[in-house]
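The following pair of complexes shares a single chain, chain A, combined with chain B in the former and chain C in the latter.
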Partner chain A sequence: MSHLLEIKNLSVNFPSRRGQVAAVNQVSISVEKGEVLGLVGESGAGKSTVGNSVINLLEPPGYISGGEIIFDGIRIDQKSNEDMRKIRGAKIGTIFQDPQTSLNPLMTIGKQLSETLIETLKISGSSAREKSIELLESVGIPDPVERLNAYPHQFSGGMRQRVVIALALAGDPDLIIADEPTTALDVSIQKQILDLIKSLCKARNLGVIIVTHDIGVIAEIADRVAVMYNGQLVEQGTVKQVLQKPKHDYTKSLISAVPSGDQKLHRFTVVDYIDGSEEKVTLENVSDHWLSKNKSSETHKTAISVKDLSIEFSIRQALFRKNRIFLKAVDNVSLQIQTGESFGLVGESGSGKSTLARLIAGLYQPKSGEIDIFGHDVLQRNQKAKTSLIRRKMQMIFQDPYSSLNSRMTVEDIISEPIRFHRSTLNSNETSKVVNDLISFVGMPMTALKKYPHEFSGGQRQRISIARALASRPEILICDEPTSALDVSVQANILNLLKDLQEELSLTMLFISHDLPVIRQMCDRVAVMQNGKICEIAKTDTLFDDPQHEYSKHLLGLMPRMDLFRL
Partner chain B sequence: MSETNKSSSRWQRFLDNDIVYSFFTTPGAIIAASITFIAITAAFAAPIIAPYNPFDPAQISLWDGKLPPAWADGGSPAYLLGTDNQGRDMLSTILYGGRISILVGIAAVFLGMLLGVTLGVISGYFGGLTDTIIMRIADVQLTIPGILVAILINGIGRAALPLELREEFAIYVVIVAIGLTDWPQFARVARGATLVEAEKEYVQAAKLIGLPKFTIILRHILPNTLRPVLVIATIGLALAIIAEATLSFLGQGIPPTTPSLGTLIRVGNEFLFSGLWWITFFPAIALIILVFSVNLLGDWMRDALNPKLR
Partner chain C sequence: MFYFIINRLAQALLVMAVVSAISFSLFNFVGDPVNNMVGQDATREQRIEIRQQLGLDDPILVQYQRFMINVAQGDFGLSYRIKQPVSQLILERLPATLELVFASAIIAVFIGIVLGVFTGIRRYSWVSKIIMSVSLIGVSLPTFIIGIGLIYLFAVYLRWLPSSGRAGVIEIGGWKTSLLTIDGWRSIILPAITLSLFQLTMILRLVRAEMLEVMRSDYIKFARARGLTNRAIHFGHALRNTLVPVITIIGLNIGGLIAYSVITETVFQWPGTGLMFIQAVDFVDVPIMAAYLIFVALLFVVINLIVDILYFVVDPRIRRGGS
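What follows is the complex of A and B.
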């Protein structure tokens, strides 16, 4: 029996100034009609490159250096661009990651759809219009007749991704390649989109390749899965087989690194297959160390107390106040975080959780409300000196490790800046000793100090960020999605590090994440946020076992299905 | 031993740099940089390499005036590119004139950059009313053609000076005039880059450390805005050299006693119809080659420094 798509011993090379880089090395996979194949791997594993070589959209200077791609019995890897262009439209549909950029913002949805239809199916304008309506209906867009005249920006992210799917279906293809189709979307929309892809696959008897880094997505949708690591295919099989009885070490560690939502573990399972993480040095007598010498003499039971906090951002400027439109990003929020507690803040994008964190950190000024840090009102205008002293006890770890370090400074300068600025050491010798301690404390080699941020990976940069935050000797650490830009295997290492630090230095932690399993492992108490309001505050275990608010229940229902992962 | 090791590894690291690599693999960039380098060196070494000193009356003889280039009929091998109406050697005057043109260009760009980047970064970082006022002034200035602004400032500058100082200070007046014309470009670029950088998380981290605004601007934002500014500065250098030449050509710039390339072209222009083409032709060619190579260099720099275009 011939396969719908068969890839035999595919190799893709990227020539660079330092020699050939094999992005894909001898990969063989196949897809049948009516089947979803998941292609999973971490960043740099070469999974997207496989997808791109099938549709002949490899980014130059990459080229196919070996192997065959056979689609529907025809070898397509040596076809000319013009021939491939026809196949791409009519036989193979593509769904890209970001629905913001894969639609033309200046054309209506209807125009974009009928343009594709006329080109690929060679039909007239009026029948193209009918077909467009049909397509929009099939991907679940309400009022398709009206929506034909809408522009992409008038759709939400999830709806836009549906339109992209409709576009991919336009040529009535046999194969769909979806490259991280849900990465840019919220969890609740992710599930809808995955369900849609799966049902279309079954209804139209399509072959689907889903490229993703998220094992949860695979568990949700795929029939078979292929695992890639470092350009090589390490394992493939049915989802059940691979997720429950992984054979290869890499697959095992990848699966164990996914934090579990149904039980609380003391530590995250560290992926030991991926090398490069240094052992974290535990300082002896932390209480005697420089890091612990700045503790407030007076201890307050409540570290952060927020009362009726609100902030608005103006969406539309106007001369008269009544014409202005404001968005209430944080709306009358009250919460209290006890000293030494690890407090989680969970919600989908746009729920105002990052804004709340920045308000507490003092990066934004609230419109109304009170913020007390260790019993001191940081919003009052007198006593500025005391306020800035108190504020210094709060430091933040940011989401994007690529923009959170100044690329023009060495790591040593970055970490020592707060120490030097606050003159918190006696002399430069002590400063460099403290910096050395800090860098090994976060599990980085001493040689890192002389380098610049661009020489490090995302996870290593996040460690440097943590060291910089510690250099101010904080008592409160605000972590704003510290691992959402990282691979799962690196995520486990960083979360363990944060957990250890919190225990050793008895820090108060405000931990923000959209990822419920991570929150479960990291936090003592959790607040669930939606549209700038707090829905529910509860002990972590209570929330996970018995959510009270409708929205919390909804969020918990969207967690990846762990039953597939563990026996 | 360890010392040589260290320096070789530093050299190695320099060659490893992506921008350096891009330079050595772009023929256009190498040619443009070589021509620019030769032109600048030749201009600054003019007192050493020029065959004559056009400012020394003892070396000028009116008898040798208006001689054509050496290879033309009636040319003298003593004057390779001929002589002008006063008997000055063209090659020497071009070298000396080029020196003044380049000096004025660099100084004017530097002034414009200093002013523009300062105002642009302040404007971008503080926003609000400060931003509105600074950028509206820049907008208004940009609505008037640059050369008119330069002529205006130049005129005011000259009028303000006492008569006997005008010749002597003409060059500084031109520098200030071109510098004040240039700044809005720099301000816009610096403001844009600042807006981008100020949103980045490392700036927020610096705020949380408690660093004062001034330190954040100077240590964190400014170094990260310099790349686009550097590109504008290179292209700006070519424009400033042209602006100076235009001013001098119109008789508003550098006086004929210490001629720049523009002044030479103007002087030559008067003799163009009497067939003495070389007096205006060679300075013009020198100006074109100089501006063209500086422009090419700026073009390459924009490509190499912009990660989006690579």
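What follows is the complex of A and C.
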């Protein structure tokens, strides 16, 4: 029997100044009708490149340097652009990662759908309209007739991804390539979308290739899985085989790096196979070091105390106040974080967790409520000097390591800037000594100091961000999704680093994440947020074993149960 | 939408108030107006009499109030030099400037967008490379050099077109137009091209940059993955997405065209408001200068308002706040 899609010894090269870079090297996979194949690997593994070469949409200057792609018995890798255009959409549909950006913002979804239908199925405008309504219905969009005239921004993320799926299905294709279809979505939405893809696959007898970095997604949906590492296929088999008895070392370490939501371990399993990061240097006598001086003489039991805190954002402007509409991003929140504690804040996107962190950090002004840091009311206006001193004890680490570092400054300048700004060293010699200590403290080589941020990988950049935060000698560290932009293997390293720092410098940490297993590993206590309100605050173990609030139970129920695949 | 327009109108009023204050201050700071009006041998009594007639002895706020009331009624006083009402002078010359600006705006927008889209899509073709190199000339050469060059080539050397002035003017319902006669068209070609060249290259480069940006976006990639034709992708999806920033720049530039037609009008002796302004500066004709300042500011404000409303038409995301 011939396969629906067969890729034989595919190689893709990207010419660069340093010669040819092989993004994909001799990869052979196949997909049958009615089957979901998971293609898993970390960023840079070449898994998206495989998907893009099937539909002949490789980013220039990449090109297929060897191998064959056979679709439905016909070789398609050598077809002309025009022939491939006719295959795209009509025979092979594609779903991309980010539903926010994959729809044209200026066109109604009805127009985008009928345009695609008319092109791929060669039907008239009026029957395209009927077919659009049918399609929207089949992907589970309520009120499809009404929604045809809506623009993409009027849909939520999950609904938008459903529209994208409807568009991919428009030409009635036999094969769907889904490139990270749920990475940009919340866990609860992720499950719905995966279920939708799975059911469409069975109902329409589609072949599906799902490209992802997330083993959890694979466990959820795929029938077979292919693991890629560094452009090569390292392992392939049924999901059960690969997840329970991984043969290749890389697969083993990839599976072990996924944080477990079931039990608390002292440290994350570090994946040594993947990212060869430098060993972190433990400073001798941390208590005598520059980093540990400048601690407050008076110790407070409560580091952060928030009372009845609210903020609202205007979402509709109007001349009269009664016509304006406000969104309560943080709604009457009260919580207390003890000194030295690691406090987790968990919730889905839009729950207000980042806004709350920004309020505490002083990046937003609240509408009402109180914020006390080490017993000092930072909102009162008549003690500005004291407030700024207190604020200095608080530093933030942001989610995106790509945009949170100034790309025109060397790493040395980035780290030393807070030191020089606060004049917290005696002279420039001491500054450079402290910077040297800091960079090795976060596990980076001294040679990194003269380089610029773009020369580093995401994980290394996040280490630099941490070093920069430490340079102000903080006592409170606010981490806003510090690892959600990173691969699992790198995530484990960064989280271990944060844990070690917290212990050695006895920091107080406010840790924000949407990822429950990560929270379980990192935090002593945790607060669950929904729609700007706190549902539940509990000890981490208590919350995971015996959640009280309905929403906490719901969130925990969505957590991928990797243990099913562990022996 | 309603809130938005009210908001913008309030801002516009503020801008106009500031500009009118500045132009009022011209009267007091650019020399003594009485000196400009009377002859060298006027006696002290004559000067005092004129001061009183003009109300120059009143407190400054009273003078400002009088000025504002007059301006609001369209009365900018008499030109010192020509002794005619300034508003009448401006109205007489306005058609010439507006027609020139209109012609050059059409040239700049139309050719600029077409070439910008072309060079954005066919990025690596040699035609695009030539267009981009030539466009550098448009950006970098000053207007008067281009004007003089064109005059030399087409008027002096080839003798195809007139070198200056505005010929073939006909009056239709109080509007003096030169766009209805062949002579009129012949005389507007050179100044219109000269005035448009800089704007054209700006728009070209902007559209190209925006096109390149949009063509990299996910929705274009997704449109390709759905098997849409290149034409649908380029013109249905990409071009409209480049429009919001392009509209901003075009709007500001049309204001600029009017305000800075001064140089082109001088080079080609085009009888428009710009030429009048230059002559007014030569003779320290303060009422004309002040009126011109207010007039240009008003144009910018109105054009900005139109641009803001156009955003609503183009981009549904901005419409969200409206009804």
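One rule holds for everything that comes next: the second predicted complex is superposed on the first by the 565 of 567 C-alpha atoms of A that agree within 3 Å, B and C clash if a C-alpha of one lies under 4 Å from a C-alpha of the other, contacts with A are read in each partner's own complex, and residues count from 1 in each chain.
One rule holds for everything that comes next: a contact is a pair of C-beta atoms (placed from the backbone, for glycine too) under 8 Å apart; a residue touches a chain by one contact, two chains touch by 3 or more.
Given the structure is predicted, the values throughout are model-derived calculations rather than measurements.
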Clash or fit: what happens to chain B and chain C when chain A is overlaid? clash
Touching partner for A:403 - first (chain B), second (chain C), both, neither: first
Is A:116 touching anything from chain B or chain C once the two structures are fitted on A? First, second, both or neither. second
A:170 contacts which: chain B (first), chain C (second), both, neither? second
Touching partner for A:151 - first (chain B), second (chain C), both, neither: second
Looking at A:388 after the superposition, I want to know if it touches chain B, chain C, both of them or none. Which is it: first, second, both, neither? first
Would you check which partner chain A:132 touches, where first means chain B only, second means chain C only, and both and neither mean what they say? neither
With both structures aligned on chain A, tell me which stretch of chain C collides with chain B: 25-33, 61-69, 133-141 or 169-177. 133-141
With the touch criterion stated at the top, can you tell me which chain A residues are shared between the chain B interface and the chain C interface? none
If we count contacts the way the header does, which residues on chain C are in touch with chain A in the complex? 2-4, 6-7, 217-219, 221-229, 232, 236-237, 240-241, 314-317, 320-321
If we count contacts the way the header does, which residues on chain A are in touch with chain B in the complex? 17, 358, 361-363, 388, 391-392, 394-396, 398-400, 403-409, 417-418, 421-422, 465, 468-469, 472
The answer for chain A against chain C in the complex is residues 55, 57, 85-90, 93-94, 96, 98, 101-107, 115-116, 119-120, 151, 153-154, 164, 167-168, 170-171, 315-319
Inside the complex, what are the residues of chain B that reach chain A? 21, 200-202, 204-211, 215, 219-220, 223-224
